[in-house]
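Structures incoming, each one as structure tokens.
In what comes next, subunit A is part of two complexes: it sits with subunit B in the first one and with subunit C in the second one.
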Partner chain A sequence: MNRKKHRREKPDAVVQRLMNIVGEREVFYLKEDLISYECDGYTMSKGMPKAVVFVKSTEHVSAVVRCLNEEKIPYIARGAGTGLSGGATPLGGEVIISLVRMKRMLHLDLENRKAVVEPGFINLKLTQSISDKGYYYAPDPSSQYACTIGGNVAENSGGAHCLKYGVTTNHILGLEVVLPNGEVIEIGEEGIPDQPGYDLLGLLTGSEGTLGIVTKITVKVLKNPEGKKTVLAYYDDINDASQAVSEIIAAGIIPAALEMMDSIAIEGVESAAYPVGHPRDIAAFLLIEVDGIAAGIDDQIDEILTVCKHNNVREVKVAKDEAERGLWWANRKMGFGAMGAISPDYLVQDGVIPRTRLPEVLGKIAEISKKYELRIANIFHAGDGNLHPLILFDASIPGQSERAAKAGSECLKVCADVGGSITGEHGVGIEKSAEMRFIFSDAEMTAQTNIRAVFNPEDLLNPGKLFPQPGQCVEIKQAGQGDRSTVPVNAMGRGD
Partner chain B sequence: MIASYLDGILPKEQIRINDELRHPLGNGGLQLIEANSEEDISKVLAFAYSHNKTVNVISGGTKRGFGGENERADILLSLANYKGIVEHSVGDLTMTVKPGTTLKEITDELHKHGQRVALDASWPELATIGGIIAANDSGPKRLLYGSARDLVIGTRIVYPDGNVVRTGGKVVKNVAGYDMNKLFIGSMGTLGIISEITIKLRPLPKYEGLSLLQFPIGKEQDIREFSIKILDSMAEPVSLEILNPSIAEKMTGNRQDTLAISFEDREKAVLDQENWVETHLPFGGEHVVLHEEDARQWWEKFRHFGPNGYHDTESEADTQAALKVGSNNLDVLVNMVAADNLAAEHHVAVEAHGGIGHGISRIYVKGLPEDIVSYTRALRDKVKEKSGYVVCTHLPFILREAVGVWGEKPGYFALLEGIKRTNDPKNILNRNRFVGGI
Partner chain C sequence: MSAEENRLVTMLNAGKNDTPCQTKTLGNFLWDDLPDATKWADCVHCGMCLEACPTYQETGQEQHSPRGRVYLIKSVAEGKIDVNEAFSKPVFDCLDCRACETACPADVQVGGLIEEARGQIRQAMPLTGFAGVLNKTLLRGIFPNLKRMKTLGGLMRFYQKSGIQRIARKTGLLNIMPTHLKDMESILPEVGKPVLGRYPEVVPAEGETKQRVGILTGCIMDVMFSDVNEATIRVLTHNGFEVGLPKQQGCCGALHVHAGDRETGKKLAKQNIEAFKDYDKILVNAAGCGCALKEYDELFRNDPEMLPLAEEFSAKIEDVSKFLYDNDFDRPKTEVKTKITYHDACHLAHGQGVRFEPRQLLKEIPGVEMVDLPDADRCCGSAGIYNLTHPEMAGALLDRKMDDIPKDVEMISMGNPGCMLQIAMGVQKHGRSEKVVHTVQLLDWAYEKDKEKLGKPVES
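Right after this comes the complex of A and B.
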């Protein structure tokens, strides 16, 4: 952080109060400092915060929240800002409370299989800091090298391996939370399960930072599986690949991961940093991983190979060593970022469908692509029906951003219409708030906003997110080329 | 006589006066109404809401002894007839089911397709899925498969005013809006009536094995060391349940501390893990292995311990209670010892088991009412020393107030009250059934 800049503006009274709490250097309020907080990984909507406050402790968070409450100024918690739905994006005038400096591991108790971390602790760091003892933290969003566990809790993030191991909510044992009135509560004390009372742990996880600010997290850690094998299967017909997915599940196998990519996505990852040498003329590939007790893995791999062959696979192979497996995964995890190599801009969608409807939904997405004259790449967690259509566009061509947003929304409609959901892991945020209407009635959303009012009665904490705003229509602010430095998706050059 | 105010809400044959006014477990109602559909539930609640009538909800009745400081409400609404599978999407491994369906009915149906709901709660032929979820019941295998909160992906809820609200959805991964499913799991029906449940399924295991490890009395330290070792090994046990000597005697014939370690996987993987157990056997420990049908039958029997709402006797000396203890995983062992030691001190008989890998223990107590009260208090004090809690999942009505079903209110009780008030502003549903009198 460069604090040597010449100050042109004086802090106003509110900023001064915040400085009194956390220290002068820990508050940004100048426009040039605030620019990179205009949005998160979703760049189609931007707003200027009033200030950014870097807190170091729960007491800081509580004092800042109390102050902003008195001043009636809205505020937003922010982790790494990798969110893909605009959750940490200001609509204008909010104070951002950045938790990146609260990044310590506070406690590790492997015998009871839990760890306590501060919210700014980076996801991947957790696994790295316990892997020498044979343990890991299961939820593995592709942004895991950057995103924070606090952000993961807020979004209830998933990852490639949540097919077998579950998403964030299945791994959270306890939370310390600063409520919007500044009060500090502890739920799931010491990580002991099933505490008497309504399941606030479950309610807060995935609440997109609208019910409270998480300041401490107790997570479950798992033992590394003894064995692991990875299969790559190339298909000439995407329907065959989809059918193979269904048959693997029907065979009673629960792979650790079961991922699919279509030809446009493959074009992207092959042009990016970790090319594998996938044939360019295939329709799709499946990346399948099985883990667990080593003695039981070969049988499962044999069955998977049989299923693949039975479904007209062109070529199928098992990773020969850790290096090859690592390359396949790096290539796959590049997914989003790799789109930058084949398109100036892209919009990531996040629909979920019953996995058996895959072929039908892919057909409809192809129609949407045709209708809007935009290429759509498909990357998905096929095993649990979580699709990531990536809509490729060029924001510098007038009208394309709007068309991309509409195409994205239509993809979600298709998912909703087959009994699915508009988001599997990226959250609603700003982006999909209008689309909430695809799956919930007004009464159902009111039931939810009523619960919000219990925690956040004045709606000062992250207002305007998650639920459709009165009279809302799709509004797009141009993500101009010049802003590219503030686009975390491209900046990080990796994606899921 | 049927109260005239109920006239015309539902057909007469679904309403009758409740002749069981003084049920020993309370949680009754003056008028018994049978719901056969969601619409029935909705009509009854809409009526009750607008006429300020209180409603208790019952299905299988196995949890009638769980919470509740009012002997009866105006209406006892039974969902026992509202049962059946709405949809089983075999390829998606999901199922939508009505709340009055028993766990056994679900299990039998799924079995035909090689699938199951991974919930091994007690009394499966009596307990309904709605009740299991509302009470958040679980069994030893939650160690690997999780509990209701990990399995339920969607519900339909009839709110106290009669409106129906859907929560979650029908897909296995979903973060749209708040995870409202969670509010209703374990809420003891105080926020709304669950009228439909969509749940994630698992394939039946290809092979299953059960390792029973019997330890001479007084070898707690050995059990602890062995447990730490297996949890830190390559093994992936589905259960790591410690049985106290009295429950072990009924299960195995031997009055010894016993570990029940389940493995479910490919045959080779199961055998490999059993082999690990065999080669790491502590000195003096005895290892008995059961496979497939034998293992399944053993667990089947295991699920029939503890009170089930139908076995409470008239005899005071045989008063029954069931306690759910939550603790840090390894403190389960400490609590097991405490449960047995305190039993002797307080003149009660105790059968107990607990999951060393998941932190939930179940303690079934029999004795005189006053001894049950003093036992529970003493155990609660002991468990609290290590931040644990004790909830009484079964107690006769007359003892509930004295013992305190839920223990102390949590520090954030105001939020729980706020949620209750939001969903049920007139406080008509299962009043006083939950934490802090909610």
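Right after this comes the complex of A and C.
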């Protein structure tokens, strides 16, 4: 063990070149400075980067990319590193290009309801900086306190409110992108919703940082809804809760959000920073929010209350004020992190299922839980069928990590088998690249890797992500293909 | 042994030549008082704490974020990296502001963990240079020793009163000091005389005695802000509390623990536990001290003998503004016309979860108009002696704080002397004119006004 006084290693030639571009203090290459970049929010896979480079401008990004291209060194764009599938995690030896210092708002045009931000701009900050003027940015991933809009674009992130408002891709008007050859392109034309030619905006959004590095983003901002009401409903039986969900949608109501949590998830959030005081003996709760023109809201709430009661709800209530509503949401949004309060580690899965199959899927997940002797909590964006089983484990107990990974993969298999998908919003990254085979045939996969090869011919940009590696050991399953029509799965990964 | 196995394994490792009295190690943590593995085990690496952290906001570097710091500490325990300069920097650049603890959904005790890691670093790499001198003279030599603190206070009083200050400022004598120390000098408050020793050990309540409380007079507080201590005593006795000022009390030890000197911290803790053993309630008007006293149990985590005493002691600690609010403080009747904003001291808001009571206390003084301070709970950069050891970061945070302070307020109120010094420096640096006050002082003035109106003489 080396405990001698630390000797500063000298930067190598590549690091020196990078320093010449961005400045000496903006490049880190010592092990101690790199180790916290070993992984993102997904901790099951780790790799040491070669260096971390902080860029301040599109020119920086372009110059850094050109340099790395010449040196044939792989590289990865990184935002806040809250990704849950290892998208920003190195396999080993990549240079990480950190975009967090590109965090300015460049332009705000409320009249035309749009804002231009740099990729490191924090999601929640956007809403915070325009809320006093009566506007907000709709995509609200639970990680919005920390994640960057660049990362949101790369992952096509969704949030609790995307049932009504759509995911990131529905809110992007234009992008500036540095291609893997260093060229800078602008895609999306202001004011023209459907440009001729290929829909590059759609292609880039959700490409998980494998086609280019986004350096500027034009987003839509929305006017705050006139009114908003939130309902909390406690159920003793999960079947009743899912029946209520189906009936609400069937009634023609499109809630802004429709969330469900099961009892283990409730145990987590009640032990975490924002306990609400949910009864601990319920099977599930639903959190339902409607918004829009003030006049229609009360009717919708009445209808929702009726549906809930009709489906044997134990207790149902409407938030009495903004403070209560805020607490309910804070409690819900802490969902993942709260698992830390009841388990040393967790693995979050991100399946999509037809919402009517929920009881059946939860039954199968309970069997997986028994089989692997690991507790599994479920957090469900019930409205759009995006299910997050959270597999609780302790990485310090030999064998548990492996069991958790297997259990996670089986959960995804269950989702694919009922006609769903393996990711709703967290992306494929390293984690689910093998499981891509659950839902895509070889030909479908080749069509996609061919596209990557056009943008990223040498595969230097975020290599080893999104698609299975040649020789990667997986059970190749074509199952579920038949019912795919129930839940169309597109390249952006979100069904429903 | 693999890194994963190393994670929670504490192995016997006696007889290492550079760790003489050491029996247990944890990965590359080789020194006494090992960090607590359960603290990083709670962290799920979600990143919800990132944007709460002032040093991450400034640098954007993962290793300067709470998540990164926890990860680094864990990596040392797993034997993946060593205790060296590059590890020490992020650990010591932490402000210990605890904003991350408020943000963290998994209740990770980042602050405690960082203090434990600092303990390891200081044993591994004793300080040299300016920092070493600062550490030795201030932390070991002066703060723990109230007599020397008083002497220092006396010297400063002499410096201010004798005209040397004026001469020093005029002649440019001050120019030989580093800029941040110069800034500091320029705002040194008019130094009063410490209350400890000057007041009787027991100050009786006015009227009927509701309860007997002890107060920690603090070292910096009592030397630099003895007027705040006087106000605290007046306000408490006015509200019917008998105030005890046990003479054996000492510095709370927060600065030492923050600096990684846990041994001195423990010595001071023992002294205070002993000094206040006859009190059921101990009130503190310095948030940093209050937080430290509440965490004595954490300090004695590995000491089965002291732990129960420390736990009992910590449970008695309360912030004075919260105590007054919870105990139905006497509402002043006379108007104090002023426009004021409130800054959340980190160790009050994040460290003790006290946000509502001091604001409410101020709002209930007639005539006081409260103006919201945006991001009121973002650190002002004071953070103990952080502003002395990390002037650049502290300065950047102070500038942001000053930019946020509404332009039209007359006073800035808070509950911590460190913040008072720092923000007073900001007021001066930015050419502003707001008065920096302690929450309790405002209440004291309000009572004074009441008394004036009722024609009663006001005791000083």
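The rule we apply is simple: the second predicted complex is superposed on the first by the 461 of 496 C-alpha atoms of A that agree within 3 Å, B and C clash if a C-alpha of one lies under 4 Å from a C-alpha of the other, contacts with A are read in each partner's own complex, and residues count from 1 in each chain.
Note that contacts are C-beta pairs under 8 Å (C-beta built on N, C-alpha and C of every residue); 3 or more make two chains touch, one makes a residue touch a chain.
Worth saying up front: this structure is predicted, and the values here are computed from it rather than measured.
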Notebook entry, point to check: Who does A:N456 touch here: subunit B (first), subunit C (second), both, or neither?
Noted result: neither
Next item on the list: Mind telling me which of the two, subunit B or subunit C, contacts the most residues of subunit A?
Entry: B
Note to self: Which partner chains sit in contact with A:P354 here, subunit B, subunit C, both or neither? Use first/second/both/neither.
What the structure shows: first
Next item on the list: Using the touch definition from the top, say if A:S263 reaches subunit B (first), subunit C (second), both or neither.
Entry: neither
Next item on the list: Figure out whether A:F28 sits in contact with subunit B (first) or subunit C (second), or with both, or with neither.
Entry: second
Next item on the list: Mind working out whether A:Q400 is in touch with subunit B, subunit C, both or neither, as first, second, both or neither?
Entry: neither
Notebook entry, point to check: First (subunit B), second (subunit C), both or neither: which does A:N152 touch?
Noted result: neither
Check: In the superposed view, which residues of subunit A touch subunit B and also subunit C?
Finding: none
Item checked: subunit A-touching residues of subunit C, taken from the complex the two chains share -> 4-5, 7-8, 18, 28, 30, 41-52, 60-63, 65, 67-68, 71-72, 75, 79-87, 102-108, 124
Next item on the list: Could you pull out which subunit A residues touch subunit C in their complex?
Entry: 1-3, 5-6, 8, 28, 30-33, 35-41, 43, 52, 54, 80-82, 98, 100-101, 103, 120, 122, 124, 143, 145-147, 272-274, 334, 336-341, 344-346, 395-396, 398
Check: Quick one: in the complex, what on subunit B touches subunit A?
Finding: 89-94, 114, 136, 138, 146-147, 149-150, 159, 163, 165-167, 169-183, 185-187, 191, 202-204, 206, 228, 231-236, 265-266, 268-273, 324, 326-330, 357-360, 387-389, 391, 406-407, 410-413, 415-416, 418-419, 422-423, 435
Margin query: Quick check: in the complex, which residue numbers of subunit A touch subunit B?
Written below: 110-113, 134, 155-156, 158, 162, 166-167, 169-170, 179, 185-187, 189-203, 205-207, 211, 223, 225-226, 246, 249-250, 252-254, 292-297, 299-300, 352-356, 381, 384-386, 419-428, 432, 436, 439-441, 443-445, 447-448, 450-455, 466-467
